[in-house]
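Next come two complexes built around chain A: one with chain B, the other with chain C.
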Partner chain A sequence: MADKRSALTTNIRQNVAFYSAIAMLVALYLVYNMLHPRGFSAAVLIQNSNESVAIVFLAMAQTVPVLLGGLDLSVGAVMTLANCIASEVVNGSPLQIVLGMIITLATGTAFGLMNGLIVVYGRLQPIIATLATGAVAVGLALFIRPVPGGNVDDDISWALTNDLYEFVATYGLFDADAGWFQTISWIPVPLLIVVAIAFGVWLPFKRTVTGRTIYAIGSAEGAAYMSGLPINRAKIAAFTLAGFFAACGGLYLAIQTSSGNADITQAGAYTLNSIAAVVVGGTSLLGGVGGAIGSLVGALILRVISFYFRIVSIDPLLQPLVEGLVLLAAVSLGAFRTLRVKNQLNLFR
Partner chain B sequence: MPTDSPIVQLSGVSKHFSGTRALEGVDFSCRSGTIHGILGENGAGKSTLIKILSGVLQPDAGTVEVAGKTVRFSNPEQAVASGIVCIFQELSLVPDLSVADNISIAAPPRTRFGLIDKRVQNRRAEELLARIKCEDVDPNSLVRELSLSRRQMVEIAKALGKDPKVLILDEATSALTSRDVETVYGLLAELRTAGVASLFISHRMHEIDKLCDMLSVFRNGQHIETFAKGAHSEGEIVKLMIGREVTAHYPPKPEPVPKPAYLTIDKLAWEGQLKGIDLSIGKGEIVGLGGLDGQGQKELLLGLFGVLRGLQGKVAILDHPCRPGSPAEAKSDAMRIALVPEDRKTEGLMLAMSIADNLLAASYDRVSDGPFINQDKARTAVSEGIAKLQIKVASPDDIVSTLSGGNQQKVVIAKWLMTDPDVILLNDPTRGIDVGTKQEIYKLIRELADRGKTILLYSSDYAELIGCCDRVAVMYDGEIVAKLSGDAITEEAIVAASLNVGTQSSLQAAGARHG
Partner chain C sequence: MAFHIPSLKAEDKPMVIASAFILVILSIGTVYTLSTQGSAPLLSPGYLLQQLQTGSFLGIVAAGMMVVILLGHIDLSVAWTMTAAAMMATTVGGEWAIPTGIAVGAAVGLVNGFGVAYLRVPSMIFTLGVDSVLRGLMVAHTGGFAPQDSATPLMRTLASDRFLGIPSAIFVWLAVSVVIAVMLKRTAFGREIYVTGNREVAAYLSGIRTRRVILGSFVVSGICAALAGVMLAGYSARAYQGMGNPFLLPAIAAVVIGGTRILGGQGRYIGTLIGVILIVLLNSVLSIMQMPEAGRQVIYGSVIISMLLVYGRGNKVHS
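Now for the complex of A and B:
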């Protein structure tokens, strides 16, 4: 018993940044709902979830290269590319739709794989390699979809962007009005998708040797090499996984907006916000510390902060300024640890 | 059990690095069930030999045989697969992963689904740590949170977990506490019975003498001689290593004259790791800090140098209070303190920068006109620094990491001497460097004292404290438990005080000082 408790305190002590991010998210979202005229309603939850999915996926995508100690500047572009591909292929018969989704995700994953190969075998810094490949991805997206538009199956759009009730009703899986279903029918489908991918892909991945090698590289690449870890495989896997998560974001964006849009500005903004979300979620930009679940929370924090602008009256022109200040405050919270450090040498470790 | 055919055999192995030879035509072999010591100054080729054996480097010429089969390792994994496991001098642990993760890092236990099984992994870590009597290390704690000596024990547990046939220990005991060293000795004896060959590299002669069955001496990249323990005396071995007669290990000490206090430390306390330190050091005096690793010696030095926040107590130079808030303040003209830190690779040097930049790092203000660095002054200062410590460099513009360990340490010391300090704090300045350089450093420390510097020297090597210091303060659990001077500085007294158990004579010595 005492052992269990000490294991728990060890866990909390080692993940202070992560747990404080969760606490911050819960507090922010509770206050938001209290201030909102229709707070604590399913409609607000569904709308908020829908608007968060893309950035959550991108933050998770960004996490993996950051854990290596690098940055992936192409995640927004890969998302845009996936978005444009999805707007071409996610329609038709149910089989075609599923196939289209697979094609979309596979393209993003392949793009990530290419990033990884370039970084490992081209021996380039990730930041510069992905700056270049990001431009390539946006170029491809523009080629596929020179003007915004496209066509995504209406049913899937409706089913995946609402609550479970609508999902079941749309496809007539069973009687959506069944009594037992009432308790969970309000849950937004986008929320489930994010949770399923985050916990179904990231957590198992973290427990593989490849996943752990990513942490080891970010923490001490020399020690990782000397321990005989598969360094190249882990780096390639990191960028591949980033490509997959980014494609998830792009696919969802297409489903949500029923269209594709090769918007260069949007791609850049999403990339930068993904870095902010990673930091707010407790992942160190130096690598080795953090995780995608933290970034998920970090991305949600950033989204909730922007939701506040709808219910608090602020001049829209001032919005970027206020957003910047809030972000600065959020990341500064992480710097408080430096005030507690008594041995100033530990600041550099 | 010693067998007739060697487990490892090198024939005609050579390795060159951009023109300089690291190994030249080396024939070397070692047998199962022996502990084989490898001796040689830094730069003698020991590290290269080990790196070739453990798959980090590939030989330019010659063959390596393991258990009769010719092998050519292209990475450490392949060496481990053949049963050759190395505990490196530079630790191979990943600081942000847990102890259990690190121990099983390359081949962790898996669940049915191929994922890492944390529970089995923790149990495995506990078992391995128990084998080296480190039950106090929590497998869940991060390596980052452990002290250097604990990390080294984790490193040993990690190597044990790979089930070695040949275990290479490269200075693997340099950071250990005496108790851990004993544990490692016991472990090596156990492995010998189990038929494992251990290759043991250490700069501590008494360790080699105590442990090894066979000894091999290397010099200038060549294998000089292999012989059974006892075939040569200590003096002869040293001669083989450096190729010249060593007359005295330590420079002679001057007559003990009481010196007026220059640096006075009064009831210094910090975070439960320093518990009221009282110590005064005179001008021209060398005071040694002894004790087991991690008893607060490092914190005391860091505290005096302005690195720690929240210190309590008083420190004064003559009558002026001396409590710097940062290293920048500590080295300023008002205080003139210098610290040669424990870990030269992270705290002492900027490894990727040139020798010249490293030498100037603490004294740019001395070679600058206004905001600009004066190149002439800088060049003069650098060549003075190199000459003063006889640092062997091809060009001051070379990257500092190309130097051998001993010369790197000289760069760190020269860097601080360039600030012309009055108080010099030294944290284990001879760890992991060769005999020749060690002696130069001892001589230098004595010269500095003779020129009126105030010196506080922490050393994990008792012989060094005995040979170098005018007085020795032994620390235990954040306190000074004994102050020894003159003839009372004996190995027995220091060891006893370090363990805070005391024999009759050392208790008397300690009592006399306290009283």
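Now for the complex of A and C:
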């Protein structure tokens, strides 16, 4: 019992950034629902989760290269590319739809793989390599969709952006009014998608040798190399996974908006917000500390803050300023570290 | 490497290759115009000067950006620093317009430097936050519209008039270049930037006040961005929302193409100059070819990647 308790305290102490992010999210969202006239209703939850999926996926995408000590400035662009591809191919017969989704995800993953190959075998700094490949991705997206628009199957965009009840009813899987189903039928599908991918892809990956190596590289690349860890494989895997998550975001965005939009400004904004979400979620930009689940929480925190503007009466002209100040304050929270260090030299890592 | 030039010093390689690539761009563009229009506007001095005039804004931003990148940091706030400086300058107007704009840049630099050097927030994220705060301030200030105030005559003179037949913007760019180059090469502050960028702990232990060096560098970057913003407002006769946005990524690309290490500590100003010229000419050749935006982005990205693959490769990891 004593052992268990000390294990728990160690766990909390080592992940203090992560747990405080979760606490902050819960507090923010509870207060939001209390202030909201239709708070604690399924409709609000569905709307909020729909609006969060893309940035959550991008934050998860950004996390993996950041854990290496790198940065992927192309995630927003890859998301845009996937969004435009999906707006072309996700329609037709059910088989075609599934195929279209696979094509979309595969393209994003392949783009991530290319980033990884350039970083590893080209030996370029990730930040500048992905800056350039991001331009290529946006260019390709513009080729596919010079003007916003597109065609996404209506059933799938209805089914995937509502609660489980509508999902089951749309496809007539079984009797959606069945008694046992009532307890879970309110759960929003987008929430399930995010949770399934976060826990089904990221957590298993993190436990593999490749996943562990990503953390090792972020802590000390030289030491990881000397320990015989598969450095190249881990780096390529990290960027590939980033491409996959970004493509998930783009695919969902296409399904949610029923269209594709190759907007360069939007791609840039998503990339920058993904970095902010990663930092808020407790992942260190120096690498080696954090995880995609933390970034998921970080992205949700940023989204919930922006939801507040809808219910708190604030001059719309001041809204961007408040958003900016909140972002700046959130990322400066880490500054308290500088007040705690005993040895000045520890500051200059 | 296929074309290894033995007598070339490693740090000169980026400049030589980038210059060679500028010639390649010029000849491709000339061949294109000769074959389609039968003329070679790219080689006429007037056209080149006009391109350099529009390039001078990017050049000034890149000069400041380089100082920060030499430290191993980055300044993502230049876009809205430019816009904020331009908007405040046109709002104040009169003879105080330009000093106000520059002061805005210096103030932004101080905030950035404080956050990065003293609070130790990673520059990537702190300058990003400052950028969105500036955007918020400008939206609140202007109401989200382009301000009606127009640029003062002095701002227009600096940006779009000609002096001795050469656009005066190029003289401003030259002056900024000389100041930055001399600062980096000949002053203690400049040498301290390189030392701090190479290894901050070592610099600190050698008695360099690394925090002040970082603070000063961000102020330089802020001032450069502000100057470019004020001149851009002079060039287009007024300030407008998002006027700085197209300058951020090209400025970083120009610095890196010019051989400055993105991790800091290494790079020469002349390289940044060549990088800016390369990007400006690449853009103008692509617009002569009436390349759609999609193709431009792809070519732009591919050029940066392939130039870096030739000379920007890092060392292999060992212990």
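As a convention for this text, the second predicted complex is superposed on the first by the 337 of 349 C-alpha atoms of A that agree within 3 Å, B and C clash if a C-alpha of one lies under 4 Å from a C-alpha of the other, contacts with A are read in each partner's own complex, and residues count from 1 in each chain.
Just so we're on the same page, a residue touches a chain if its C-beta (ideal position, glycine included) is under 8 Å from a C-beta of that chain, and two chains touch if they have at least 3 such contacts.
Everything numeric here is computed off the predicted structure, so don't read it as measured data.
Q: Check whether A:Ala27 is in contact with chain B, with chain C, with both or with neither, and answer first, second, both or neither.
A: The answer is neither, since A:Ala27 touches no partner chain.
Q: Taking the superposition as given, does A:Gln125 touch the first partner, chain B, the second, chain C, both, or neither?
A: second
Q: Could you tell me if A:Leu229 is touching chain B, chain C, both of them or neither one (first, second, both, neither)?
A: first
Q: For A:Leu142, decide between first (touching chain B), second (touching chain C), both and neither.
A: Second partner only.
Q: Which holds for A:Leu35: it touches chain B only (first), chain C only (second), both, or neither?
A: neither
Q: Now for A:Ala276: first (chain B), second (chain C), both, or neither, which partner does it touch?
A: second
Q: Name the contact category of A:Val312: first (chain B only), second (chain C only), both, or neither.
A: neither
Q: In the superposed arrangement, does chain B or chain C reach more residues of chain A?
A: The partner that reaches more residues of chain A in the superposed model: C.
Q: If you stack the two complexes on chain A, which partner ends up touching A:Gln14: first (chain B), second (chain C), both, or neither?
A: first
Q: Between chain B (first) and chain C (second), which, if any, makes contact with A:Arg212: first, second, both or neither?
A: Once the two structures are laid over each other on A, A:Arg212 reaches chain B alone.
Q: Give me the intersection of chain A's contacts with chain B and its contacts with chain C, in residue numbers.
A: Shared contact residues on chain A: 222-223, 225-226, 344-345.
Q: Per the contact definition, I'd like the list of chain C residues that touch chain A in the complex.
A: 76, 115, 118-122, 124-126, 128-137, 139-140, 143-144, 200-201, 204-205, 210, 245, 249, 252-253, 256, 262-263, 292-302, 304-305, 308-309, 312-319
Q: In the complex, go through chain A and note every residue touching chain C.
A: 71, 118, 122-125, 127-129, 131-143, 146, 221-223, 225-226, 231, 262, 264-265, 272, 275-276, 279, 285-286, 317-325, 327-328, 331-332, 334-335, 337-338, 344-345, 347-348
Q: Which bits of chain A are touching chain B when the two form their complex?
A: 6-7, 10-11, 14, 204, 207-209, 212, 215-216, 218-220, 222-229, 288-289, 341-345, 349
Q: So in the complex, which bits of chain B are touching chain A?
A: Going through chain B, the ones touching chain A are 56, 75-77, 80, 88, 90-97, 101-102, 105-106, 108, 113-116, 118, 138, 140-142, 144, 158, 270-271, 299, 302, 307-310, 326, 347.
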